[in-house]
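In the two complexes that follow, subunit A is the common piece, with subunit B as its partner first and subunit C second.
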Partner chain A sequence: MSTLIQLILSGILVGSVYALMSIGLTLIFGVLRIVNFAHGEFLMIAMYGAWAFTHLFGLNPYIAAVAIVPAMFLFGAVVYWLVINPALDKPHLVVVFATMALSIFLQNAALMAMTADLRDIPPIFNRSIVIGSIHLKVELLLGFAITLLCTFALQWMIRKTYLGKAIRATVQDGEAAMLMGIPVPRIFLITFAGGSALVGLAACVMVPLFSVFPSVGLNFVLIAFVIVVLGGMGSIEGALIGGICVGVVQSLSSYYVAPAFGQMFFFILFLLVMIFRPNGLLGQQGAATIGMNE
Partner chain B sequence: MRLVFRSCAFVASFLLALTFGAQAQEPIKIGVLLPFTGPLAKNGIENWEAMQIARDMINERGGVNGRKIEYVQGDATNPNAAISETERLITKDGVKITTGSFASPIAIAVSQAAERHGVFHWETTGAAEIITRRGFKYTFQVGAPARKYGQAAVDIVLDDLAKRLKKPAADVKLALLWENRAFGKSVGDGIRTYSQAKGIKLVYDEGYDQTATDMTPIVQKLKDVAPDVLIAISFPNDAILFQRKAKELDFNVAAFIGVSAGYSAPDLRDSIGDSVAGIFVADFPPKVNEGVLKPAVKEVAREFYKRYEAKLKRAPAGHAAAGFSAVWALFTEVLPKAKTYEPDELREIALKLDLPEGSLVNGSGIKFTNFDWPDDPKDAGQNLRASIGVWQWTKTGNEQVFPPELATHEPAMVPLPNWSNR
Partner chain C sequence: MSAETIPSLSPRRMAWFPTRGRISWFEIALLLIACALVVSGMASSLQDVLLLSFLFGGLALAWNIAGGYAGLISFGHSAFFGVGAYASTILSTRYGITPWIGIWIGALIAAMFGAVLALICARLRGPFFILSTLAFAEVVRIGALNWSSLTGGAEGLSIMPAPSLIGMVFASKAAYAALMLFYLVAVFAITKGLEASRFGYYLFAIRDNEDAAGAAGVNPLLGRTAALALSAALTGIGGSLFAQYFLYLDPTYVISPELSFQFALLPAVGGLGTAIGPVLGSFLITPLSELLRSYLGSSAVGLHLVIYSFGLIVVMLYFPAGLAGALDKLTRRGRPR
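Let's look at the complex of A and B:
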């Protein structure tokens, strides 16, 4: 029994970290309706940033978020202007290939700058929290808390603030929004940069848990795509639930079936959801967008 | 007029002599196929650093038969890239000798492309058994085949660790964890067969995907079976994830044996700190007891280690020593005997090699199979004298601990202290 509880709790905790890493992707997808294939590389860069910050200044990676999140916002803005904006009014494939090219470029740039060495930070908390025979890693518990906070804050922002309303208006009808005086291009820019900033936050949570290396993004980007689609493309709380589902399914199937099939099972879950709820767990029919999901 | 004619002839013959002279001095081009970028780049570059040192050392000694060695690089990031890069080096650069390629899936691809073009492939550290079992004529695998890694890991348990754990060898609870790609599976299969033949039953035997991001289920299951010894075949990232998870969930074993790759990567220490000390690694020896080396080899070994440490500010991993040993053998045992440097000639020379153990820097000898190995008559080009052993991470570096003849130190920290005391 304690094994089952351990597996479920671990699955929820690690799943929430996956969710945090996917929220940026779902936000960008929901508003700009583009898939950022370089999402994993954004994560990689932010993780390097968090690592460097911790490594150079001897600071806690959670404090590094104060610098990494704005830095990733800027990075996102620059990428938006250089790569995304010029491709937005072109056929959809252009954005796909542009972001893919960006992904390969960033990976290899990182390899040149940082070499293929794995980078790690020393453990922050030396002991796990032990309750009976259940072990919980403090870093994962913190990650879980940050993910919850972040999800609720983002929900509130989208529902209540002027910026949130402008974002929703843009999603519902870009042209009408523009006629109402909403600066749509700027909303796009802010959303893309904001999505990148969220990746920055995820990176600070992930650096104590995972090694950083140039291709680290590849290990996570597939999970992020599954989570985004599973949760209902563009839905933020959907991403949270999707992430936790993936974490738990992976954890249980790896234990009870075989570790090699952990990924297979969450893809089976993914396929089942696609068959029976084609718009994802929390998505509504006919709209893969944030505005419609509210 | 005659004078003009003569001087023309003179100039012409002089020019001709110059071109001939230049031709004799033309470097020997060798295609180096390694993952220089991408997820496998870590060990690929470890190999490359060592291979560059070998090239510099041979060129400083005047090259091979007066010709310098020149490398042409091909970036074999994955099997597909490996094939196209090999094809490029062969067709565009006219390379007739290839070497590399570190990882088994890459080695399989590179040797296939080389064989198709009749190019001589000298594999440094690829290990999967299939590499030399496809009836290829021009593929020579200087490093040990996958089964030997596993055998070394099982042998140290039976011959040494069991005694230290004060248990009869047959009662040692042995667990096996393997990453499920070419190398991990090949080694895992070898360990399963070998331990069965030795009368040991595995209490746990599972494969996992190298890109796994959560090791909780694996560690939890291992905790449930509570093995005495765990043999794990991992790559660097998953090895680190596993060790961290083992610490998080307080999973302890009396002895931990990693097989090559992840557990031999020098940055394991940077990642998991001092808790690396005590872990055994079945692998190419990074540095063997000098006593087993031939006197001339000893000198070369010293120079290699000195240069490597000066260049990278740390001791080489087993991959570096193996990469160096393999290309050094190519430069000093194969190429000097060649006249045409054509693959057919090189093949004949390689097959005639009969070097005892201790002939290469990492303690290996060379004797290739040629469809004549009793255990598998389809095997050709596999070096039967490649050294493999077990070394151990220590507080400050590493020591070769097994087999006793290659060892520089006795196994220490058996049983391994619990996480709370590490």
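Let's look at the complex of A and C:
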């Protein structure tokens, strides 16, 4: 019984970290209606950044976030101007292939710069919090807390602030928003760059937990896609729920079946959701069946 | 999806790149050049590049049937490739069934996988479809990796490198090149036949407006399933040929997202929804990436892919109709419309 609780709890914690890295993807999808296939490579770059900070300056990766998050915001803005913006007015496939090519580009640029070696940082806390017979890693608990904080802050921002209202108006009807004086292109830019900044934050949380290597993004982006679709594309609280589902499924199936099948189970879960509830758990009605560029 | 989801060539004047089943002198000239190259007896390393260009040209055409003609953008085609490769290899190494038969069995199994994928994604469009194909291929990949008693697991499978006609293992690369060229021409002919057929028109209708096609009496689910099954079967045949040439199946390569992306990118560069586009794409990209790899590979790992993907971004942003579209525009310049 305590094994089961242990598995579920650590599943929830790992899942919340997965959710943090998926929020940027779902935000960008919700507003721009594009899927960024290079999302995993953004994460990879930010993880290398956090690793480098720790490695070179001996800084704690949580403190490195102060530099990594703005840097990723800038990086997102540059990518938006160079690749995404020119592709937005072209057929929908152009964005798909352009971001796909961008992902290959970044992955191999990283391979050239950093070689294929695995990079780790030394453990920060080196101990677990023990409650009864249950052990929980401090890094995971911290990740969980940051994810919750981030989700609530983002929700508040979207509900209450002027920027959030402008974003919601753009989502509801881009043309009407433009006519009301909302600078829609700038909203797109801010959303894309903001989504990238969130990836930067996720990377700082993940560096103490996972090794970094050039193709690390591919593993994580597939998980992020599953989470985003599970929660409903464009839904922030959906990403949190989706992330926790994926974390728990992975943790249970890798213990009770086999570690190798852990991944397979959540891809099967993903396909089942696509068959029976294609809009995800909290997604917009009909999003999956009308296609996304109307 | 909107009507202009697929950037396609205008059907007005396409002397060089005709659609709707016709064949131009340009295409016949290309075929003759290809045949001449096969028998020219060039250096072995160049023959490698040549036969890979043929093979990937055929695979790109096979992908194009689903992606370009039916609008089913799949990033999971390496699953079908792997199924075909594993099927013929397992049949020949374990059960002594010649690959000449095994290829067809592999194609049949791959077609079944394609039909299953089409049924799973029956209601999905846009990115939801794309992501489901990716997830489907991951399920197949992890399954193949862990069912070691059948697939050899992470060690992969090897084919005896003893040349024999029955075993479809040849000593000369020219023989392989001829085989790959035959595959390319066969898939090209099927594509041309499809363009002129009633089924092809159904696919165009489903791609351009699925709801309208349904209202006009086309069964979208049937069309999508048939297109994906056909595309999967042809991809599976390509997988078997790949296995017969390399004589080794590396599970981390034959079913991988990277390979799936390559199947999709070649037609995208060449021109989606045209018969000649994927061929042009493969003849530009495959030699380029092979040569870049052989010249730069040792000194800078990954540089060839950096250059290659940078080129892709430029092509996608500035020539969204691909090479065929750009050439078509060029050859029509100055002529009255």
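The criterion applied here is as follows: the second predicted complex is superposed on the first by the 286 of 294 C-alpha atoms of A that agree within 3 Å, B and C clash if a C-alpha of one lies under 4 Å from a C-alpha of the other, contacts with A are read in each partner's own complex, and residues count from 1 in each chain.
Definition applied: a contact is a pair of C-beta atoms (placed from the backbone, for glycine too) under 8 Å apart; a residue touches a chain by one contact, two chains touch by 3 or more.
Everything numeric in this text was worked out from a predicted model, so none of it was measured.
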Quiz item: After the match on subunit A, would you call subunit B and subunit C a fit or a clash?
Solution: clash
Quiz item: Can A:Val83 be said to touch subunit B (first), subunit C (second), both, or neither?
Solution: second
Quiz item: Just subunit B (first), just subunit C (second), both, or neither: which does A:Ala109 touch?
Solution: second
Practice problem: Give one of first, second, both or neither to describe whether A:Ile268 is in contact with subunit B, with subunit C, with both, or with none. | Solution: second
Practice problem: Would you sort A:Phe213 into first (subunit B), second (subunit C), both or neither based on which partner it touches? | Solution: first
Self-check item: Touching partner for A:Gly132 - first (subunit B), second (subunit C), both, neither
Solution: neither
Exercise. Give one of first, second, both or neither to describe whether A:Phe97 is in contact with subunit B, with subunit C, with both, or with none.
Key: second
Practice problem: Once the structures are superposed on A, label A:Ala260 by its partner contacts, choosing first (subunit B), second (subunit C), both or neither. | Solution: both
Practice problem: Considering only touches as defined above, state whether A:Val226 meets subunit B (first), subunit C (second), both or neither. | Solution: second
Quiz item: Once the shared chain is lined up, is A:Gly181 touching subunit B (first), subunit C (second), both, or neither of them?
Solution: neither
Practice problem: State the stretch of subunit C that overlaps subunit B in the combined model; pick it from 4-12, 22-30 or 40-48. | Solution: 40-48
Practice problem: Overlap the subunit B and subunit C contact sets on subunit A and report the shared residues. | Solution: 107-108, 111, 115-116, 214, 218, 258, 260, 263
Practice problem: Within their complex, state which residues of subunit A touch subunit C. | Solution: 29, 35, 83, 86-87, 90-94, 96-98, 100-102, 104-105, 107-109, 111-112, 115-116, 214, 218, 222, 225-226, 229, 233, 258, 260-261, 263-264, 267-268, 270-271, 274-275, 278, 287-294
Quiz prompt | Contact footprint of subunit A on subunit C as seen in their complex | solution = 1-2, 4-7, 73, 120-121, 123-128, 130-132, 134-136, 138-139, 142-143, 145-146, 257, 261, 264-265, 268, 272, 300-303, 305-306, 308-310, 312-313, 316-317, 320
Quiz prompt | Interface residues, subunit A side, partner subunit B - complex | solution = 3, 6-7, 10-11, 14, 18, 107-108, 111, 115-120, 122-123, 128, 130, 135, 137, 209-211, 213-216, 218-220, 223, 247, 250-252, 254-255, 258-260, 262-263
Quiz item: Which part of subunit B faces subunit A closely enough to touch in the complex?
Solution: 37-39, 41-42, 44-45, 180, 206-209, 211-214, 216-218, 220-221, 224, 236-237, 240-241, 244, 248-250, 265, 267, 270-273
